[in-house]
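Two complexes follow with chain A in common, the first pairing it with chain B and the second with chain C.
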Partner chain A sequence: MGDVGQSTANTSNKEMTSNQDELILAQQRQIEKEISESIPLVGELEPVTSLSSEYSGDDIYLAKVNDLAAKYSSMRRTRPDGNCFFRAFTYATLERLLGNKEEFNSFYKLAENSKNVLVELGFQQFTLEDFYDTYMDVLKRLADIDNVDDARRELHTVFNEQGYSDYMVVYLRLLTSAQLQKEKDFYSCFIEGERTVADFCHQEVEPMYKDSDHIHIMAACSALNTGVRVLYMDRGTGNIVTQHDLPEGCTPTVHLLYRPSHYDILYV
Partner chain B sequence: MPTLETQYSSRSPGVKRLMREAIELANATEDYYACPLEANLFEWHFTVRGPPETEFEGGYYHGRILLPPQYPMQPPNIILLTPNGRFEINKKICLSISGYHPETWQPSWSIRTALLALIAFMPTKGVGTIGSLDYTPEERQVLAKKSKSWECVTCGKIAEKLLSAEAASSPALTKEESSMLENIALKAEEDANRKEVNNLEEAEEIKPKGRSVPFIEPEISQEDSLRQRNLPTTSQAAELLQNEITDELLRASIERSKRDKLWKMVVYGIIAVILLLIIRRLFFI
Partner chain C sequence: MTSAMSPSERRLQKELMSLIKDPPPGVSVDAEQAEQNLLQWTIHMEGATGTLYEGESFQLQFKFSNKYPFDSPEVTFVGSNIPVHPHVYSNGHICLSILTDDWSPALSVQAVCLSIVSMLSSCREKQQPPDNAFYVKTCNKNPKKTKWWYHDDSV
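Presenting the complex of A and B:
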């Protein structure tokens, strides 16, 4: 008796799990869709104090927002889709470079030569070229605009066009992966478990929508030869936001605000 | 009729990408061929050759590839149309590279990668994943033979789509691709192991039978659990461990039933006392 009951329970359980998997996936997609429809990929400039409205009644966060507002005037929010670090980092880097022709040109050269490393690492050439071409296209389009304000407006438009914006993200993910693999002896100490650096790259760096950690940031910084300062705002004790420069001791040119699993861009 | 070039805005990187892929895949190889439908760049039809030295050898398998609007940020969906005994037809396939597992898809993969993954995945065990079928090798061989004359409503005779072995030269696998294919095989095996643990309880009753024949091919049987036990991949060490776990489960359930009996006794006792009290009240006052 009991056995019969159990085996039917098991079969229906199995069906349930597969149905539930699909339901969970469908629900997850729905949530993702709702998020993406409500928040632009990269938002307009807004004062740092606008963060206060998110934390009304939360004294720890409010104190930290005040501290942040003393150091930074404004910020840009990015869409929380797991790509936010890569999108924010690329946007902020390019936005700054647009104001400095010389630095922009040397960045352009760096990007131009970046493909060969990726080819050597064995990425499929023609899909790689697809991302590379689009990346360089965007840089060219920006370089061709003389007026800085116009160029920044174009940057903003491009980064809010899903197709282009995601292509920029993919290319930085590839460059980051390449950097990790190039210096795998160094980075392997930061990877938990028995994963190799290559495995880690395939599972955590190259796929879209995967959140970024310290290790991603370090590699991305060194791939683009850019220093970044991250300001951490969480429920930890103290009234001030902690800051971290990557790589350590650099002069940061990009400033990012980190709140648990999300990055936004900060402006001094 | 509008051509593909005029129908879509080639400003969209996704569209540009698909056009590139169409050019890359325009020439059939020995193992695979795919091209977009005339009217829809986001739906392709493909043909793959059954992998040699497997029960799919000599078969030709045709299907559809549905590309999401976010391609290549999100993976293509694969649907097989030719009966093959490994995957259900007319149903999106569960392959770690296709739509059901978007988290493992990488934008630097392509339709070619998806087809290579499909071919590599065919001889792996289905073990009850979505869209999988557990036909016997003999049944699959019969289907492989039949597939030679199978026709697609849109594409016609599919066996003619691929090049013959002599004429073809498939592009070599990139390092990235071979590592991806390894991962897929690995994923399939991991899934098989996980499934076995899930089936432990069911396997209990037939354990002795299963243990004596660990290396034979699966018999035709509806008993899912029996098949699990007969998987040739089961190593003896894993089996020992499993037996231990099963024993433990058994012991736990005996313990549980003992505890249940105790509680039953207590409940009966209480009921008896209440009855006694009621009787006393009714008759002795």
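Presenting the complex of A and C:
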């Protein structure tokens, strides 16, 4: 714990009063509140072409939306709260598994054993248990529903209840952190600067609302034994969206749309 | 008492029991007070042997919101003895990244206590933060309303 960053207050600019801090934080909170009131944690299915309305008059993006629409029929938006990758990835993984009992069962077994792995890595058992219990509780509830459509509706309900949804996000963050730490020799090459893999996990993976990068995705894929294809849509040149499979060479079962600092779910 | 508990109260109750039963060395919680109000605890902390704070004792106040553990606890030193330390302001505010930016719901009161013990123990020279006078005069009562700049020095 001694390696935790410590510091001094942001008072270097003496002309500003500290009330400036309060104003900035109050504004941040207001923005967060507006986002949470307008965008559900995980949205309903909608056609990919609905993206066009966001980019009217923007030829680069419109061309890319067209390209995307040729490859994917529909999408689900997720709330841009910094947890979007983890929420989208877990939702899409489970949604697919609900249609395949056998795969769901092996996923369930993997999840069941994951607590011991985390405890062995030094996570505190009693804080961990909260998240593990909720995670398993959700998986059990889904497993008990025979009809696939009913199970998917339940998944959607659960993921839009903050109390459950955020617990699922925390648990996947912890599993991702564990994966990074288990294979720290490999992942350390992807971390810039002096930080150790453990520091990186404490600062960028385990805290809520911190955005995900390539390294988070690689570790999360590995933790859930799932391949993902990410479609990148940005202002870069060309009329097509570039795609990237993680881990490389996998057969992706989850498809995500990436727009600068945000992930949504895509459906073929 | 158990049936109407919110998730944050359940979690705090669990943490309180664990802290009473198995506290880190030099740390103890005022159990009676915490049981009366789960959202505000007082924790006693002894300066560790062999450090600059040996023989001193401190009091920490923990305040929790109903969004705990998603919201970090508000933690300050209180009482007559505030440690003189480069990251502790004389009003009791503590500059420690896990209390704001790096807080994770998988951390706990115990993890915060261990972190503060370690912060005190690694101190080489007792001195106040350089901007103490200015900060104490202008800051909000709640340290979570300060935007802290964290730099990883090893003090």
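Basically, the second predicted complex is superposed on the first by the 251 of 268 C-alpha atoms of A that agree within 3 Å, B and C clash if a C-alpha of one lies under 4 Å from a C-alpha of the other, contacts with A are read in each partner's own complex, and residues count from 1 in each chain.
Simple rule for what comes next: a contact is a pair of C-beta atoms (placed from the backbone, for glycine too) under 8 Å apart; a residue touches a chain by one contact, two chains touch by 3 or more.
Remember, it's a predicted structure, so these values are computed and weren't measured experimentally.
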Which superposed partner A:Gly122 touches (first chain B, second chain C, both, neither): first
First (chain B), second (chain C), both or neither touched by A:Tyr164: first
Partner chain(s) touched by A:Ile24 [first = chain B, second = chain C, both, neither]: second
First, second, both or neither for A:Asn147, with chain B first and chain C second: neither
Which superposed partner A:Asn105 touches (first chain B, second chain C, both, neither): neither
Which of chain B and chain C A:Ser73 touches, first, second, both or neither: neither
Shared chain A surface residues [contacts with chain B and with chain C]: 3, 6-7, 10, 14, 18, 21-22, 25, 123-124, 126-128, 130-131, 163, 166, 170, 174, 202-203, 206-208
Residue numbers on chain B that touch chain A, as the complex places them: 12-14, 16-17, 20, 24, 70, 72-74, 100, 102-110, 113, 128, 130, 174-177, 179-180, 183, 201-202, 205
Complex contacts: residues of chain A adjacent to chain B: 3, 6-7, 10, 14, 18, 21-22, 25, 121-128, 130-131, 134, 162-164, 166-167, 170, 174, 198, 202-203, 206-210
Interfacial residue positions of chain C with respect to chain A in the complex: 7, 11, 14-15, 18, 69-70, 86-87, 89, 93, 95-98, 101-108, 110-111, 114-115, 118-119, 121-122, 129-131, 134-135, 138-140, 145-153, 155
Footprint of chain C on chain A - complex, ascending: 1-12, 14, 17-19, 21-22, 24-25, 123-124, 126-128, 130-131, 163, 166, 170, 173-174, 202-203, 206-208
